[in-house]
Every structure is written in structure tokens, then in C-alpha cells.
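Next up, some structures in C-alpha cells.
One chain, subunit A, appears in both complexes that follow, with subunit B as partner in the first and subunit C in the second.
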Partner chain A sequence: MDAPAPGAGAPSGGFGRLSFGFLAVSVLSGTLLVPFYTPAAAWESLEKIQSGLAWGFFLRAVHAYASFGVLVATAAHAVQVLAARTERQLPAGVWWRSVLLLPVTVAALLGGFVLRGDAEAVAALAIWRRILESLPLAGAEIARLFLGSVPGDLGAVALHHAGTLTLLLWLFTAEHAGRFIPDARGAVLAALVSLALAGTVPLPLGAPPAAAPAHLLGPWSLLGLQGALGYLAPAAGWLLPLAFVLLLGLVRHAEGRVRRALLATLAASCAAYAFFTVRVLLSSRV
Partner chain B sequence: MFRTFAFVAALCAALLGLLTAWSREARRERAIGRGADRAGGRVERCVTCHAKASEDPGGAHARLALGCASCHLGNPLAFSKERAHEGLEREPGALATVRETCGREGCHAREAARVASSPMARASGIVSVDRFAFGEIPSPDGSETMTDVLRAANPTAAQSHLRRLCAGCHLGTRRVSRDDAIHGNGSGCSACHVERRLPGAPPRAHPPVDSRVGDDRCLGCHNRSLRIALSYEGLAEIEPFQAKGPDAACAAPVALVALHDGRPACRVSPDVHREAGMACIDCHLHTDLMGDGTARAHKEEQVEVTCEVCHGPARQSGERACSSFSRWTLVRKLDGAVLPVKQTPRDANHARKGHERLSCSSCHAAWVPTCDTCHTSFDPGKRQWDFAAGKETAGAWVERSEGFSWAPPLLGVRGDGRIVPATPGMILDMDASAAGGGKTARRLLSPVEPHTTGRKARTCESCHRAPPAPEFEGGTRTGFRGLNAAERRRVAEARLDRR
Partner chain C sequence: MSSRRDFLGRLWTWTGGALAAASVLVLFRALRSAAPSVREAALDAAAVSRAVASGGAVVGELFVIGSAEAPVALSLACTHLGCRVAGAPGGFACPCHGSRFDAAGGPVAGPARSALARVPLARRGDTWIARL
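For the complex of A and B:
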């Protein structure tokens, strides 16, 4: 993105292009799913898409894996940039908006997870609402704005998942890459990877919303936060990600020991996050 | 990343993915049902596969009105069998899930809540009498329920006995955990409201579900212990060795018959109400059977309709009088037939001095099954079904008797002074030493409502010249006792007067 020339000289490798490609595949497959999804009957829609619609299970899996790809490729791209110390090639404003790509992607993924409407999605929605409500001053209003106020109707979540967050993702990515559409190679590779995963690793449906599974797991990208929230107040659900984004953004403005300290803190945060992720996964197997 | 190798590898993986997805799509296409996918105005994909007429319970629970998931749970939105059957309740009405099935809001929530207090769900009478007979508790009026017994971590000898021999009739015991005594009955609501499946009968895909509870469903459980349902039909069970030979129990004109599970029985006189075509539910109201929300220690405390309620006259304060009405009729619940209800005549037979305390059945109960000698022991070397574990476990309670019979009931004096039929049903020798208990010899007299009512009352001689009853202990119930010395003297005097 920031280094259009292919090869060893590229400051960020190919993950940036791949991320934009995954985003394109995700948006396209998501658009194809829209006619078959009803936010007020989420669980029924998922059953219909998964088993009642020809190739519906495959389309849903392509959408999910492409979306996962966006996050993975974006994170990998960030690591490459920090390792290559190329973050200063971007103007400060673009850099900060690029940093915001990470939380926006995670929020979009969380929205997609909640739109499943199954037992885990219902639990995740409740936790997400509590986190937003813990925001100072206008927490409850923000929660209503993003998550709606009618129980069982995921209309607001669907709107922000397919509209607001997707639009932000596309705009920030396009600005970062300096082009409005992804290049063909990134898009084709992302499509091939998504197709391969969607066909060979089937995406299951969760338990019905009324069921009470012994263990409820949130989206894979937020398992670390799920584990940490077992010990922390709901406000940690927005304070920790905010702190991480601020630290990452400040790297561009730091030099020498301060930069190393920031990177070490970020690395420690990632390690702690991985620890909590593994802990949650292990406890779910007991 | 963008080298040719990466593209070729990704292309191959994508092709493999597409082929795999193609196969899954073909399987999905074959698996989904082709029938209608709505029932009761809702999406109900169960009926896309379960479309046969024989799979419809009909009536108020018709498949197209309620669908399947209303009673059977599961996932009615699923397209595949596996997902549709996740969380399936094969036995709707089972007490463990009754609040989600029959007892869900909008259906029978009130009744389901009441059933929890019913004697058939609690079985506290059976539990406390059994534990009393084992000498484990001082009174036969405990509040311990069969559910408590099934949950006991370290069961006592009596609890072990209950778990292996008695818990099968508990409404909370699932069909899969039923034994030979109660073939075909479900549990919870289904025990009464779903048609029984007898052994060997061709399986029907879905039995009818209704409130017209026939006697065969009652008989499914009430054919052991006091064998009330058998007695009502005029059937007296005997031991197999009593069926043949010169001393056969069923000598002509009494016929030998086989019960539904093969046990031999003699066909003697049925209850007069049975002869009139009345079913159990004609007398035993829903409050009797499903409880009224109040937990009672013994089942007789739950009975609402007594003889006097229909036949009058009121003999004691608090009982409803019927005799002031000129004509009473009864509408049979199963077929709607109208029967006249005769009122007790105010003649000399019913106003005999000194007999004011007699209950109707003291004179009108023709017979009661007797099992004078019951030997119960625990054999640790055998295996037996344990209803708590839901499987066979080591150890077995073995019952032996020296034969069953039937005879006019004895009479006893209840705590309130009323004279009622009784049976020497527990002359038993118990050896629970191998199960952690002790050896017990009991001579217990139990009050009973025999359900063998006859038009003609028993004769004076059958009471006043009967052989002396064996010496019984204080009775199986608080408030029930044998005759004391003064009462025996009065009976003897009455006998002398009659002579």
C-alpha cells in the first residue's frame, strides 16, 4: 500500500494489499448475504442461510473467513511496518486513522459475531452493551445508538456492521493505500484463500439462542478481552483497547528509548492478551 | 507473497475447497425435507420431514396447529436432522423439562405447577411408610419425597429398597428407566395423558394426547402393592404356583386370566362402579390426580370425592350432603353416558345403632387382595435396576410370598374414630442386613379403600364372627390403630348380642 513496488524493497510487505483484498471479498460476499438476512429474525436467517439456501453455507463461510483475513492481514501489516520502522512515511493524520483500522475491524467482526443470533451471540451482545454503557456521560445513549433498544432486533447492529463500520474501513484503507479499489493481485489471492478455507473448514452454527451451553465463547479476536473481563470491571472493555490504540499511535511520534519502551509495552500487552485467550480456550474444554 | 508459487498453491487450495463445498451442497440438498415448513402460523421445519399422518397426535395437539417443537423442543428452524434434533425432548411432559413443554406459558403452566405437589410426583406416602416399615423413621408421616430418595448420596436400606422397587411409578422417572411393572407408560404428564404402548403392540409413530384418561393408563402403575386398579377391574393377582394344581386359587367359577404383563390373576367380582362403566377419572378429579398445589403426606388426604359426596347422606359435619336433591346423575367422562346416582336409603340397615362410625366401604367393600406373608431380603450377589442410576447395578431386593389371596377386609379404627377397611398387607419379614439395615419382622395393618364396592353389604357374621385378627402393631399410619381392649370387648359383646 505504502510501497507499491513489489519485491524486497517494499516497506510493509504484501499484507497491506492482502488486507485490502480481503476487505473487498468480505464486502462483496456480505452484500450477497444481505437479501437473506433479517435482523429481527437473526437466528432463523442464519439457519436459512446455512442449510436452506443453495450454497448459502459456503457464501457465509467466505464472508467470515475474508473478514477474519482483514484483521489478520492488518495486524501482520502493522507488525511489518513497526519492524521496518516505516510508520513515519505516512502523514500523522493518515497514520492515526490507519491505527484506527484495528479497533474498527475488531468492532466490525464483533458486529458480525452478534448478527449470528445464537446463544454465544446473545451473550456477546449483552456484554458489549454493558461495556458501552460503562462509557462516561452518554454510555447508555451510545449503547442504544450502536446496539439498538428493541430486544431481539439486531437492526442497529446490522446497520453499523454493514454500513458505518464497513464504510469507515473502506475509507481508512483507501486513504492509507492511496487508491480506492484494491489491486488485482491482492484481491485474487484473498479470494482464493477465502474460497479454500470456506470449502475445507466448514463454519458451524452455534447453539440456539435459548440454549444454555456450559461455556460461551466470544469472537476469537476478543477472547483475550473476555478472559480479562473475568477479573476487571466492564469499563476495562473500552479502556484497554483505547490504551492499546493510543500506545500504538504514539509510536510514530517517539524515538529511541521511548519508542522501544512503547513497543515493549505493546508486546507485553499482546502476550498478556494471548495468555488470557489461551486461558479462556482451555477453561472452555474442561 | 505474490510469487507464482503462492498463487498456484492458493489456486489449488481454492479448487479443493470448491470441490469439498460442492459435495457438502449435494448432501445438504438431499437432507432437507420437502413438506410444508409452517405450523400454527410459525416456521416449523420439523413437519417438512415428519409429514406422515401417523405422526400426528391429532386433537388439540394436532401437528399443524402446534407443530412438533412446542412439545418436543429441539430446533424447529433447522433444516438438517442433526441440528433439528439438538435438545430434543423425546418424552414431553417429563417433569425435568415440563416447564418448557406441556407447562410452558400459554399452555398448561398452572397444571404443571400443581403436578409438582401431587402424590404421584412426590410419593411421600410410599417413602415414609417404607422407611417406617424398615424401622428407619419413627412415624409413617414423613415429608421426604421420592425425588429426595433418588438424590440421596448414601442411601439407607429403605432408600435402596425404594430406588429399586418403588421409584418406577414415580412421575419423575423417565420412560427409559421404567421396569416391567409399568410397561408402556411415559412419565410426568405423559404417564396419564398419552396412550400406553403395550409390549408386543405395533409401535405407532405418535400416540394420541388427550385428557380422556382411560383406566388402562391408571392400571399401568396401580397394579402393584395394593393393586387398586386390578381390584377395581375384579382381578386378584396370584402367584404362578397358585395357577395350577389341585389347590389352584382360581377354582370354578372364578376364571384364571393373564394380566398385561403375563402375571396370573383370578377374575373375581369387579367394583360396582366398574360394572356401570365408570372410569377412574369419573371419581378421581384432576385435583386428586394432579394435585391442588398443596403437598400432602399421603394419597388418601388428596382424595376429594368420597362415597358420601355422591350417594349421601351427609354423616358428619363438613361433608357435602347430596340427599336433599331429588335426583342425581353422573356423566361419564370417557363416553358422555348419563348414569343415575342412587342416594343412600335411610332404612334400618343404614341407621343401625352402634354402626354410626362405619364408613360406607366397611360394609360395601366385597374383598381386598391379601399378601399375608411377604419376605423381603437383599441379595448382594444379584443385579437389579436402580431407578436412581438409570441402569442395573449390583445387589437386588428379592421378594417372596407364600401366595396371594383375596378376602373381605378387616376393619380398623381411624384416628378420627371412624371405622374403615384395613388389610393385613404387611406381615413381613425383612432382611436388610446385606444392605446396611437390619432384620425386621413386622405385623402391620394398613387402612385401605379396596375399590371392590358391591351392591350388597357384607353380612354381620363376616365382621362379628370372623376369626380373631392376628396381633398387629400400632398400624402403619399415625391416627390408625387396631382395636384397643375396650373396643374389642364391645365387639365381643355385640357378637354375643347377635347370638
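For the complex of A and C:
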């Protein structure tokens, strides 16, 4: 039997619909948190939300789990699409913007992590700044654009987290899905998963910003990069993700052996990333 | 033959492109001018004296060693990616990527290649002024 022609398979939108649903839950819960968060007093805001606000801890957990769900469902959807070879159902421009959903989601999650204002968040902000500053030509300016120019002020990060990145996520997702709001099934399922996780696995408050623990962990989705940066120059912090996104985007334009080689490289990258993630987690327990 | 409609379409495109390029240039210049300037931090002279007497201690954002007459301040920002290093046996350790530094701030292990930055200190009355 012949293999299906590229783009001839059925649409593979199960996880995609779920991802859009998670995004809607994340935006809604994030909007509800905004009145209680002050970027200039991030740690104090988190303390108040966590313990001084009725159901604040639950709302924060719903927001976090829904946001994690966006990344997990988007990654699962990408695997689903590549396995079904349906990437050519999208026009090239829409495909590339859809590929950008992965780094934009990771950046939004990193922004949310930094906005916690705890010891791990302070370290993550410093690392993020150094990595952006290592960009050629305009690194320092780009770092100021996304992270602000005043040390300790999280206003710019909050603006991009809740504004720019969320808007991009919604626009790219809506364009990809061909609809501006998620369908009811995806939204309800995402809401149920987020609520269940928030109710059963509460999110703890991090260490105060002045604390000096022996090990600091970044956001879970970036632990592999944290492990790799233990051996590589700061520029690897943007070079590696850029290479991954380019390889993923090029899959749509490749066929036969080239496509298989690209997929094998992507799979090897994911395996290496998982290895470094486990390594960082194990070393933090020593 | 290009019509008047094509010409106007191209004109709009080029005008939009020029405006976008000008906006990027203005933004770039504004961001460049927003570079953080050197700021001064006052360190209490008594705290500095206690730090050097104990062989080195954290004072504010800095680690102070040396002598009471000529204290030396080390930045606690790891030279690899900027995490705040913490005291460890024999020197300092970075909690993010495992870089280690000796007691004088020199790199010993891990991805950091250069020593912890030395911050100039100047005496002003009862305080030492650090230029960060």
C-alpha cells in the first residue's frame, strides 16, 4: 500500500483544539489576576494572592496549569501533525507563524515565571537578559525592549507577558485554527483539566528574592536549556532554540530523505533536551 | 503597462515600509539612550570594617574582602549568566549553572571563564561609595 501523500491526511486538530482552549482559560484567569498584581512589588503581590486573597492560590494555579497546558498541547499537536504528514494543509506563511507559536508560548511562560519575583525568578531574569544581550548588533537594545531598562522593575516583562505575547499567541492560534474563539469542546475540556490540577496539585510560593539557595531551577520547560548552558556560551541560549524552530519550519518544505533527516535531527534534539532536563533535576537534589 | 492603481499600491507599500523603518530606527535610538548609567551605593564603613576583619562578608550587593584601609568589593553576579553567587567552601558557587570561584573571585570550575568583577570603592566620610 502506498504511503499517504504529504498533506493528504485528515486534519489533525485534537490537541490543537485543546491548546486553543487552554489559551482561553489562561487568558481569562490571567485577566482576573491582573488587579492584584503589581510589577514593582512582584513578590509581595504573589504573597498576597497566595495567602491574603480568597481563592487567590486557586486562581493562580488555574492560570499556571492552563498556561502549561498551552505548551504541552501545542507540542503534542506538532507531533500529531508531523506524524500524520499534514503540515502541507497549511499555506506556507500560516505554517511558519504556527511554528512560531512554540517559542512565543515558551517566552510567555518564561515571562510568567519571572513575574513571580522570587529567588528563581530573579535569577531567570538575569539569565534572560544576558542571553538577549548576546544577540548580535542590537542585543542590549532588544534586552531593554523586552525586559526594561531599570533593574528590578518588572513592568516591561508584565506588559509583554500579558500584552504582546498573549496577543501574538491568540492571533497566530486563531489564524491557524481558522476561528477567532476556541470551540466549546476544547475550552470545556481545558477548563476541567486546569481546575482539576489546580485543586489537586497546589502551587507553592517560591523562596524570597533575597534567599540564596544552593540550587536554582528555571521554568520546567527550559530546564534542558539550563542544563546545556552549563557547558555552552550564553549565545547558545538563543542559537539552540532558533535552530530548532528553523528545522521544524523547514519540514514543510522538505520531502523524502531530507524530511526524514530533519525529523531525526528534531527527535535527537528532543532526546538531548530531555537528558539535560533530567540531569539538572538530579543535580538539584544533591 | 502598469495602471494608476498599481502605482498607488506600490506607493502605499513603499511609504508604509519607510515609516516602519523610521519607527524601528527611532525605537532603537531611544533604547540605546536608555542604557543604565553607573549608580553609586553607599556601604557603611563599620560594616566594611567588620567584613574585612572576618575575612570577607556580604555587604549590600557586594562581597567585601581586603583590609580596613583598602577594602576590595567583589560583585556577586556570576560572570557566566548573571545569577547571584552564594558563599561556598573555599569561595563562591553559582546556583544556576554550577560555576565555582575561589575566595578572591577567580574562576575555578564550571562555565564561567572570568573572575567576579571588582567594584571600585572610594571613601566618603563614614561610608565607602561603590560605583556599580
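In the analysis below, the second predicted complex is superposed on the first by the 275 of 286 C-alpha atoms of A that agree within 3 Å, B and C clash if a C-alpha of one lies under 4 Å from a C-alpha of the other, contacts with A are read in each partner's own complex, and residues count from 1 in each chain.
Everything that follows uses one rule, which is that contacts are C-beta pairs under 8 Å (C-beta built on N, C-alpha and C of every residue); 3 or more make two chains touch, one makes a residue touch a chain.
Here the structure is a predicted model, which means the values were calculated and not measured.
In the superposition on chain A, contact is made by A:Tyr231 with subunit C only, not with subunit B. In the superposition on chain A, A:Ala267 makes contact with neither subunit B nor subunit C. Legend: residue contacts after superposition of the two complexes on their common chain; A:Ala212 is shown touching subunit C, with no touch to subunit B. In the superposition on chain A, A:Ala92 contacts neither subunit B nor subunit C. Looking at the shared chain after the overlay, A:Arg130 reaches subunit C, while subunit B stays out of its contact range. Judged by the touch definition given at the top, the superposed model places A:Leu195 against subunit B, while subunit C stays out of reach. For the contact definition in use here, the subunit B contact set and the subunit C contact set of subunit A share no residue. Those residues of subunit A whose C-beta lies close enough to touch subunit B in the complex are 6, 13-15, 17-18, 43-44, 47-48, 50-52, 54-55, 57-58, 185-186, 188-189, 191-193, 195-200, 202, 205, 207-208, 211. The touching residues of subunit C, when paired with subunit A in their complex, are 27-28, 31-32, 34-36, 77, 80-84, 86-87, 93, 95-98, 110-111. Those residues of subunit A lying in contact with subunit C across their complex are 122-123, 126-127, 129-131, 138, 140-142, 144-145, 149-151, 212-216, 218, 226, 229-234, 237, 283.
The residues of subunit B lying in touch with subunit A in their complex are 1-2, 6-7, 10-11, 13-14, 16-21, 24-25, 28-29, 32, 43, 75, 77-80, 83, 86-87.
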